[in-house]
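Here it is: the structure, laid out below.
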Amino acid sequence: MNKNVSIKLSEIASLVGGKLIGDADVIINSVARIDEAVKGDLTFLYLHEFEKYFPSTGAAAILVKPDFNKTRSDISYIEVDAPEKAFTSVIINFFSPKFELKGIDETSFVPKSSTLGKNVALGKNVVIGADCKIGDNVKIFHNAVLLENVEVGDGSIIFQNVSIREECKIGRNVIIHAGAVIGADGFGYQKDDKGVYNKVPQIGNVIIEDDVEIGANTTIDRAALGSTIIKKGAKIDNLVQIAHNVSVGNNTVMSAQSGVSGSVTIGSNVIVAGQVGIAGHLEIADNVILMAQSGVPKTISKPGLYFGYPAKEAKMAKILEAHFRNFPEYVDRIKKLEEEIKKLKEEISQKKS
Amino acid sequence: MNKNVSIKLSEIASLVGGKLIGDADVIINSVARIDEAVKGDLTFLYLHEFEKYFPSTGAAAILVKPDFNKTRSDISYIEVDAPEKAFTSVIINFFSPKFELKGIDETSFVPKSSTLGKNVALGKNVVIGADCKIGDNVKIFHNAVLLENVEVGDGSIIFQNVSIREECKIGRNVIIHAGAVIGADGFGYQKDDKGVYNKVPQIGNVIIEDDVEIGANTTIDRAALGSTIIKKGAKIDNLVQIAHNVSVGNNTVMSAQSGVSGSVTIGSNVIVAGQVGIAGHLEIADNVILMAQSGVPKTISKPGLYFGYPAKEAKMAKILEAHFRNFPEYVDRIKKLEEEIKKLKEEISQKKS
Amino acid sequence: MNKNVSIKLSEIASLVGGKLIGDADVIINSVARIDEAVKGDLTFLYLHEFEKYFPSTGAAAILVKPDFNKTRSDISYIEVDAPEKAFTSVIINFFSPKFELKGIDETSFVPKSSTLGKNVALGKNVVIGADCKIGDNVKIFHNAVLLENVEVGDGSIIFQNVSIREECKIGRNVIIHAGAVIGADGFGYQKDDKGVYNKVPQIGNVIIEDDVEIGANTTIDRAALGSTIIKKGAKIDNLVQIAHNVSVGNNTVMSAQSGVSGSVTIGSNVIVAGQVGIAGHLEIADNVILMAQSGVPKTISKPGLYFGYPAKEAKMAKILEAHFRNFPEYVDRIKKLEEEIKKLKEEISQKKS
């Protein structure tokens, strides 16, 4: 977090458009959870379950809803309708981490054929390949490696130990977290008559558009031909696998450990929850939500909530799951029916006789 | 992709054994998808859904099936039975990436006790441990680390940021993609009376045989004792977990995010699809196919297609899945039966009275 | 494994408290599996399936149960009740790997504001950020990167290519395997009116307590605010995802490719098997066991074995699974009931008429 911050509470009240009750001049140095806050901290309260910490919190000031019972006089209050959003605004404005890195470290390597924009920072042992173009204000942390002909747009941040293979294009204001691998070969082989898999050269690349964030140790493979594309504003979590020739739409979110097979096209504003898998060559429509651990074997062309393995519309999946949980009861009912039928048959046959 | 290529179309026709229709002397500089091809490009067409791009493609030449309707005269054609395979052959022969890396970079480290073959290339900051043996024509990219007593066979390629721990043996023509970790400690503990897990030293290694490919950020743990083995020709995708003492058979394919627990033996020519999990100490027979997201709790001794969690033969799994989808209908039928029985009982009792 | 070991068999018998039968002075240089053992090796036998290797093993000595039929006279025996545990003790005492790394390599970087304890070893190209505190006897392998204000406790080992972000605190005797990423940003965004995700700064950190082991390429995200905590003695396997603000309890074990969403609290002595997923903001009670591939959508407050998706108590999950496997039979029984009802109705209506 940004250290050495010193703001008057009145400035914060002004930022969040809240009503200040208490000492407008109290100095805020930091932010903290209500159960961890100490002197100089701003905190917030919006869930009932955290109210138990209010009597003992050491916070100097607290963001609360207007109807909060302000029983302590040794703490200052800012009343806002959405304390959690106001708190996030305060963090964004005053406490955002700077990801500090300055200058071109002497142990980094930039060949003459590559160009660096203004105010670029390269950490220790950073390796830039031939013919790369690095935009203004880019930060590349220690031990990251970019092979030849890579482009990185203005304002992007590449963390340590990231690998970017040749020919890949990274947009502006992209964040790539540590250990991510962009542009490794797609998984493509031709099986010969002897059952041997011969490698199909993967001669495409990866294009990551502006404002994308890529999680730690995530892997995005280069296309066999053409490009694997992550579109503007998409957010991809840790340990996600994106195979060759996949396209991920604008503002689509993919949670940790989800995986997408080759040549899948995912629409815009899609939410892919954790550990979801999507089979190859499918399309996922805009505004689809895939719930955690779902497996998708077929194209989904209708927006909505999907769930399960194979993924079904969530409403149907929940009905099926409820039936599944009641399975022992249904089996009992079948048994009972069989007994009753048996009895009825006996009764009828007795009557006959 | 390999740049500065310049081939006559007649050479390509000759390579793929196709019939050339048009300008035999047209020069091909590159290959591209039909919807992205421009002047100088060779493209191909074998799926009907891509025919819509034919009228507007900028390609200089196109691989097509013999029955294709060759309506354009400003483009040259090569007729072949399997355009997609011919296209792959062209890529393999003329456009394979060279993974260019030359010489021993001065920032790499090779101790005196280690030996390098002929024509080895070591990138920046590569660290080679003591007593390593690196074969001829090996390329090790920037910031990769090999600890002591590692062997790498002729022609192998190790990409950036790969970690290979001590004692591991890598065969010939192996490709290890960026960020993979070979030979980390297996996950082995002895729990004591207090519930504390004490580490069991993992004193085995990993053996990777010839012609294996290992995906980005995949982890292959060293054996507790003996070796974890990846056999000749196996292909392993990204983010795969191979635990200690596993053996993966010849020409077996493991897709992304699949995981294998300790001491599993996987046969030859097995296909493990994405996100599959295999429990410990099992055997998977040759020629088994495990469909995506399957979970395998028991040994599979019969070749065939398996699916689901727990994995069942695919035919049975599909029948069960179909029944599962019809569950609401079955419940309705049970209800209806109950009502009918009730009615019948009433009728019979009325008769009695 | 530790080389150049030379121990008399009598020493080993004494260590494991076993009865020595044969040559007490035979020198043991190494340990091996019974099927791989050669001259100078100690091996062990406790599973019947390995007895077939006994006649041909080249081992010098073998740990066996007291009732083992000692038919060979060219091999020495140590009788113990639990040969596998005795064997592990021998490995721990005499053959534990030393993870050798000595001194501060001249290519590592330590700024003046950071402090190193006694006997610290830093490998090649290690980067230490500003204001770090590295304890005594810490080993940090090649190309690992620690950003500013990181603390590492005495005796911890950090393998190559590990990334530790700013502010994270690592305890004593912690092992972090290659490629792990500690303290990357949590996956937190606020969606605005246009559907754009705005990054919520992640200003917390990660605290890893004493005696924790973290697997290769595992990712543990920093908290949004406060700390993501891995408590004393927890063991985390490869490719595991721990999201922001998660707490993992003492002596809890998490197997490979499992994933935990944000703000989950996992108790002590929990076992999370491979590929398990846990949804956000839940609590998992002490002593819970989550079987492989389970998905947990709700808090689990009762110790015990859980299984499936969504996770159920294992006993119930097994009953449901058994019913599911019998689904075709139940459908047949429903059909048969329908036919019998039809027949009964006909019979009754015939009687009426």
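Per-chain residue numbering starts at 1, and chain names A, B and C are given in the order in which the chains are listed.
Rule of thumb we're sticking to: contacts are C-beta pairs under 8 Å (C-beta built on N, C-alpha and C of every residue); 3 or more make two chains touch, one makes a residue touch a chain.
Here the structure is a predicted model, which means the values were calculated and not measured.
*Asks:* Between chain A and chain B, two copies of one chain sequence, what rotation angle (nearest 5 degrees) aligns their Cα atoms?
*Replies:* To map chain A onto chain B, rotate by about 120 degrees.
*Asks:* Looking only at residue numbers at the chain A/chain C interface, is the share used by both copies over half or under half? Answer same or different.
*Replies:* At the contact between chain A and chain C, which are copies of one sequence, the residues are largely different (under half shared).
*Asks:* What whole-number Å value describes the gap between the mean CA coordinates of chain A and chain C?
*Replies:* About 25 Å separates the centre of chain A from that of chain C.
*Asks:* Using the touch rule from the top of the page, what residues of chain C touch 2 or more other chains?
*Replies:* 125, 143, 161, 179, 217, 239, 257, 275, 309, 324, 330, 334, 337, 341, 344, 348, 351 - these are the residues of chain C that touch more than one other chain.
*Asks:* Using the touch definition up top, name the residues of chain B that touch chain A in the complex.
*Replies:* 1-2, 31-33, 36, 85, 88, 91-92, 95-97, 100, 107, 123-125, 141-143, 159-161, 175, 177-179, 211, 213, 215-217, 233, 235, 237-239, 251, 253, 255-257, 269, 274-275, 292-293, 309, 321, 324-325, 327-328, 330-331, 334, 337-338, 341, 344-345, 348, 351
*Asks:* Which residues of chain C touch chain A in their complex?
*Replies:* For this pair, the touching residues of chain C are 109, 125, 127, 143, 145, 147-148, 161, 163, 165-167, 179, 181, 184-185, 187, 189-190, 195-203, 217, 219, 221, 225-226, 239, 241, 243, 257, 259, 261, 275, 277, 279, 295, 297, 309-310, 312, 319-320, 323-324, 330, 333-334, 337, 340-341, 344, 347-348, 351.
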